[in-house]
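The structure's right below; bear with me while I get my questions together.
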Amino acid sequence: MAEQQADPLAEWRLRQEPYYQPVGHEIAAFDAARTARLPLLLKGPTGCGKTRFVEHMAWRLQLPLITVACHEDLSASDLAGRWLLDAQGTRWMDGPLAQAVRHGGLCYLDEFMEARADTTVLLHPLADTRRVLSLERCGELLHAHPDFQLIVSYNPGYQGIHRELKPSTRQRFVAMNFDYPDPPTETGIVQREGLASSELAGQLVRFAVRTRHLRDEGLEEGASTRMLVHAALLARAGLSPHDATMQAIADPLSDDPDVGAVLRALVLASF
Amino acid sequence: MAEQQADPLAEWRLRQEPYYQPVGHEIAAFDAARTARLPLLLKGPTGCGKTRFVEHMAWRLQLPLITVACHEDLSASDLAGRWLLDAQGTRWMDGPLAQAVRHGGLCYLDEFMEARADTTVLLHPLADTRRVLSLERCGELLHAHPDFQLIVSYNPGYQGIHRELKPSTRQRFVAMNFDYPDPPTETGIVQREGLASSELAGQLVRFAVRTRHLRDEGLEEGASTRMLVHAALLARAGLSPHDATMQAIADPLSDDPDVGAVLRALVLASF
Amino acid sequence: MAEQQADPLAEWRLRQEPYYQPVGHEIAAFDAARTARLPLLLKGPTGCGKTRFVEHMAWRLQLPLITVACHEDLSASDLAGRWLLDAQGTRWMDGPLAQAVRHGGLCYLDEFMEARADTTVLLHPLADTRRVLSLERCGELLHAHPDFQLIVSYNPGYQGIHRELKPSTRQRFVAMNFDYPDPPTETGIVQREGLASSELAGQLVRFAVRTRHLRDEGLEEGASTRMLVHAALLARAGLSPHDATMQAIADPLSDDPDVGAVLRALVLASF
Amino acid sequence: MAEQQADPLAEWRLRQEPYYQPVGHEIAAFDAARTARLPLLLKGPTGCGKTRFVEHMAWRLQLPLITVACHEDLSASDLAGRWLLDAQGTRWMDGPLAQAVRHGGLCYLDEFMEARADTTVLLHPLADTRRVLSLERCGELLHAHPDFQLIVSYNPGYQGIHRELKPSTRQRFVAMNFDYPDPPTETGIVQREGLASSELAGQLVRFAVRTRHLRDEGLEEGASTRMLVHAALLARAGLSPHDATMQAIADPLSDDPDVGAVLRALVLASF
Amino acid sequence: MAEQQADPLAEWRLRQEPYYQPVGHEIAAFDAARTARLPLLLKGPTGCGKTRFVEHMAWRLQLPLITVACHEDLSASDLAGRWLLDAQGTRWMDGPLAQAVRHGGLCYLDEFMEARADTTVLLHPLADTRRVLSLERCGELLHAHPDFQLIVSYNPGYQGIHRELKPSTRQRFVAMNFDYPDPPTETGIVQREGLASSELAGQLVRFAVRTRHLRDEGLEEGASTRMLVHAALLARAGLSPHDATMQAIADPLSDDPDVGAVLRALVLASF
Amino acid sequence: MAEQQADPLAEWRLRQEPYYQPVGHEIAAFDAARTARLPLLLKGPTGCGKTRFVEHMAWRLQLPLITVACHEDLSASDLAGRWLLDAQGTRWMDGPLAQAVRHGGLCYLDEFMEARADTTVLLHPLADTRRVLSLERCGELLHAHPDFQLIVSYNPGYQGIHRELKPSTRQRFVAMNFDYPDPPTETGIVQREGLASSELAGQLVRFAVRTRHLRDEGLEEGASTRMLVHAALLARAGLSPHDATMQAIADPLSDDPDVGAVLRALVLASF
């Protein structure tokens, strides 16, 4: 964690303090897991602040944060590392997970539900009392740096993936649930992040709350806090609140013509 | 953006001003998104002018435009870059996305709905406030050049793909809807781009409008503005309007014998 | 197009004039598309003369002709080019499409319906007004030589493939329909190409016309002009007309015992 | 075809005359196809003598014979050739098909129905009047040696594969049908190849004919001539005719217990 | 097994004695299998102590323990070894299984049911009287060191995988069944490993037993001993027993809203 | 077969005579196939002695024995050989099949039903009168050493694989059926191999016979002779007959709770 010159994770350190508004006991919960040396599993909808929370904790702990978004083409080698060929022969290059394990830092695996079997299994010995990462391809067994912390997240409400976490994976993690902030908190976030008046921020939050009840209408997921900030920024850049909301929220949310009509009506009624 | 000699994106700069006829507030909308540093998602049918609009904005901004068409075999490495082997060992070569991120420019991902999971996920940290591209294979975290702008597009009416954009992807973008121009505007475009008389251009536009109502007859998608220009050019090259329309519009539109008969009848009735 | 020594496409030039019998306005249609700089899509049954027509046009234009048959294992790299490793390091080798784009020539992609997504998408910027080929793996954006002409073909009646051309691909092309020649023309072709008497050629054409009505009997596709030429050549090599027709037409056409019996009866009735 | 020292196909030449008993006009048919420079398609059941016939023709023509069995993992590169890396850099090595095309010889592709799309398509320009093989990976267009002859074969009665030859492939070939020899001919073959008495050979042929009618009992394919020779050889090596037939014919033919019981009864009744 | 300097498996040796509480005759059973030189198959639910038992035996025997978690992307090469390229050419690097076979040690393959065919088949000659590992890619036949012991495990109650062990694999192993410890034993483990009071440990065990009966409610698998230890550690780190149990047990166990409600009610009733 | 120093197959020679108890005419049958130079196909249930029989014949013939277990990831290259890269360039390394073909020896392909198409097809020219192996990737046609003998085996009763041997593969082999030994023979084997009393051996054989009738109860395959030997060895190592039988037979045989209960009852009734 020293500020020394040759910090191998320097580029993964945050350059400025990220804005974060706590919405419950999440900081105490994080600290308890860290004290107990247990890995964390964050659950919650898209854009509700999971990533921002992790950035906040990295800043508080003054630790580098290495983020990797999981997907079906991410292999264990992408996380652990690989051999490169150069003029002197082969050279091992640590992947992002191995870097965090070796030098100490938060490793945050986003959209973890979409990780492949080889990726999840690679984490098992890291996520129990052994705290080791086996770099099988280079024959090294890496013992985790004391500062290493594993964090994974996913959106349990998203139906697009039919993968399941296996019990042997789940039961290694300590979980924390996230949800959209309550309206006053969310209004404050939109004001600050979107540089918006309290009036516009309030309008946007009320609109968002309505979209979050449209699942029966066929909307996969309602407007996130992130989208409200986008709309506020577009309004600040000169668009009318109506146009900003259409462009930042209603149009991106769905391609379905019927859902689109419902959203357009909601926008008209709200602005 | 300097006109300096060693401009690494020189070959991606447009050589002449592309013709573009605005059909709504799209330029203001684009500018607002750019001011707010938000990525853009363009939706609309094939050949209605999305690509031309992006070329137009690149010319206005005097920025290079790097276009990549997405498909199921396009990997994250194709976008981010790869290691090449030469006599001095391995050398990293930026992919088109990394070039735009590093040196500043518009990166336009066409047919984005067909992108694979590893491609869309690569964009996530570029498409939010972090604006970084993680070149995992070379261990570099690339902070986006201030001129970098991400633009993606797709045709929401096309049924051939059963992939869906995930909420976590959608909600990072600001969207703009495109459609065919209204008849007078489209007639003007065909006159200018197809070097056609106003009479022929008008006939072609009226014919196109009819094909756009044939979805119930089994036609996947109606004639685009692009196809009208093709027909006008063939007529100018010496074919009769009937033959030019058959060859440039009716024959390419469908392989179905029944749909083909309907289209032939429409051509006969129109020319 | 110069006859210079170091012509990089020399081996793709036709060595002698191919025989071709026009069956409609196809030459004028080709010329109009070429004048308008539009790519061509040829549709028609197997062996009806599409390839021969393209060879004929290549000879008329004195341009090299590079033919590639598409299939599900043909990758974009096979068309665009690849890196080879030699003692001096890596060296780029243009694929057949890149050769035609760089040096000027007709590039003919046969059985285009079976092309993979990465192949079709590679053609998009070549097939519109941009006329560029992006060699992403070597970082080069190739502007097409003025003599470059893209031609694709497929058999719309073939049911064996369940792929579809996407509208965004179709609408970039100008189409031409091909069919079997009318009987007198076809008889002339068989006489000339198969070195046959007019009597035998006429018998073969009448037999072929009957096979082309056997789709309800389960025959996937009737005898092509090509097969008639084969039968005539076998007869010239000493087989009886009956044996030549069995061997060159009836036996290759189908493996189904019932269809085979129908064909055998037709041969017996015809020769 | 010269007997010169450095014959590149020397190891593909037959070392002794293969025994072959003609069963019809197949030699004249082969010669006619060769005169007309047309490729051959041999159809017939397993082990009825197709391969032996091709060996016989290779011996008669004093040409090398290169045989390749097709399967779903055989790629176009396996046939055409590939780049090898050695101390001097990369070196091209012709595949078996390219060897036959370059130096002249019979190339026999067995079990052709199982060939992949990239393999069949590679043959198209070789199998029509162009007679060229495009070695796309090394940029060479190979014109076929005058002695080159393409022969493919498959068993149309085998149900295990659900692939179909496309019309565009089929219609390039001249076909010949093969079947089991008539009983006297087959008896002669078993006597000669199996070193058997005429009595045992006759018994085996009569047994084989019965197995060829067991398709309704669930037997995929009856005993081939090859199996009769095996039984005769086992008998000559000391087994009783009953045991030799069980071991060489009944046991290998099927794993189904019911079919096995039928076959055992047939063996008992026959020996 | 000597403590010599150049012990090639040094990093796979346990650094401290792992805590293990025997729950039956498992140690005698293990010893008998080892005496008879037979490989072991451990069956039991997630987190019930299989891995800890193996660590315990490795410590008792003072042998290195090499653990590999199986999954669908683990290839035989990952276990056996691979060729690496360096300046001196290629160099063979033993995989984890080959290391244990060559130098002597316990090789423990976790989640064995998910192993691919090439992995299981690689074990066959190791798991019978031959005790050899064929390193086909380097042409070496490795005879197992006398200390080598093969152990595999899986959870027979887990429904997420539809693979089956083949009889030819199963019948090579001697099996041992594991289950959750009885409540007093489990309470003792939680006290010791979770640094908990006997009261809290008892509460947690009673809660766990209830979750293990929720399979009919849709819970895939109940709380493991491991999870109870996690909850105790969180409580020790300052969380209330209720919050610790929610975070360490109820939240990780399931994403299903209905199951979640049942679990929350159970937590409320228990703490 | 000479005992010379540089025997390239030395490590594949058996070091001591394997115990084998003939159960029928299998040795005479093997000898007859070898005299007739025909390849062998062994069929029979798991663990009934097929592999031991092959080892016995290798010992009798004083030939090396190269065993390869087939599976869906075993490629033709794994059998035939591959190019390795070292400082002098590429070097060819024979695979196990090529070694046996070149130097003479028994090549035994176990679980042959699971072999891929490219593997089975590679064997065709080896398994008929040609007796050649085409090493296509190195351009060599290998004529088999006179001592080369091809043997394959599979378990026809195993339902887990839905692959079929094609007639063109089957009909090249001479088959031998194997089954469990009759009770007195099996008792003798268990006594000798398991170092058991005749009483325990008899008990175990009677138990095994009962498990072999449990297919209707859902047991995939009954206890093999191999498992009886395991149980005897565990008993000798100190377990009670009941525990030894549970651990060596009942527990490994099945994961199904119902089948497990039946087996436990059988064990209780038997010991």
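The letters A, B, C, D, E and F name the chains in turn, as written, and every chain counts its residues from 1.
Throughout what follows, a contact is a pair of C-beta atoms (placed from the backbone, for glycine too) under 8 Å apart; a residue touches a chain by one contact, two chains touch by 3 or more.
Worth saying up front: this structure is predicted, and the values here are computed from it rather than measured.
Novice: Measuring centre to centre, with centres taken as mean CA positions, what chain is farthest from subunit F?
Specialist: Relative to subunit F, the chain whose C-alpha centre sits farthest away is B.
Novice: Taking each chain's centre as the mean of its Cα atoms, which chain lies farthest from subunit A?
Specialist: Between subunit A and every other chain, the largest centroid distance is to D.
Novice: Based only on mean CA positions, could you tell me how far subunit D sits from subunit F in angstrom?
Specialist: Result: the chain centres lie 30 Å from each other.
Novice: What is the distance in Å between the mean C-alpha positions of subunit B and subunit D?
Specialist: 52
Novice: Whole-Å distance, subunit C centre to subunit E centre, using C-alpha means?
Specialist: Centres of subunit C and subunit E (C-alpha means) sit 60 Å apart.
Novice: Which subunit A residues reach two or more other chains?
Specialist: 85, 87-88
Novice: What topology does the chain contact graph adopt: line, ring, star, complete, or other?
Specialist: ring
Novice: Could you list the chains in ring order, beginning with subunit E and heading to subunit F next?
Specialist: If we begin at subunit E and move next to subunit F, the sequence is E, F, D, C, B, A.
Novice: Which part of subunit F faces subunit D closely enough to touch in the complex?
Specialist: 25, 28-29, 31-33, 35-36, 38, 41, 43, 75-76, 83, 85, 87-90, 116-118, 120-122, 124-125, 128, 134, 136-137, 139-141, 156, 164-168, 170-177
Novice: Can you tell me which positions in subunit A touch subunit B when the two form their complex?
Specialist: It is residues 11-12, 45-47, 67-74, 78, 82, 84-88, 93-96, 110-111, 114, 155, 158, 160, 220-221, 223-224, 226-227, 230, 233-234, 236-239, 243-244, 247-248, 251-253, 255 of subunit A that touch subunit B.
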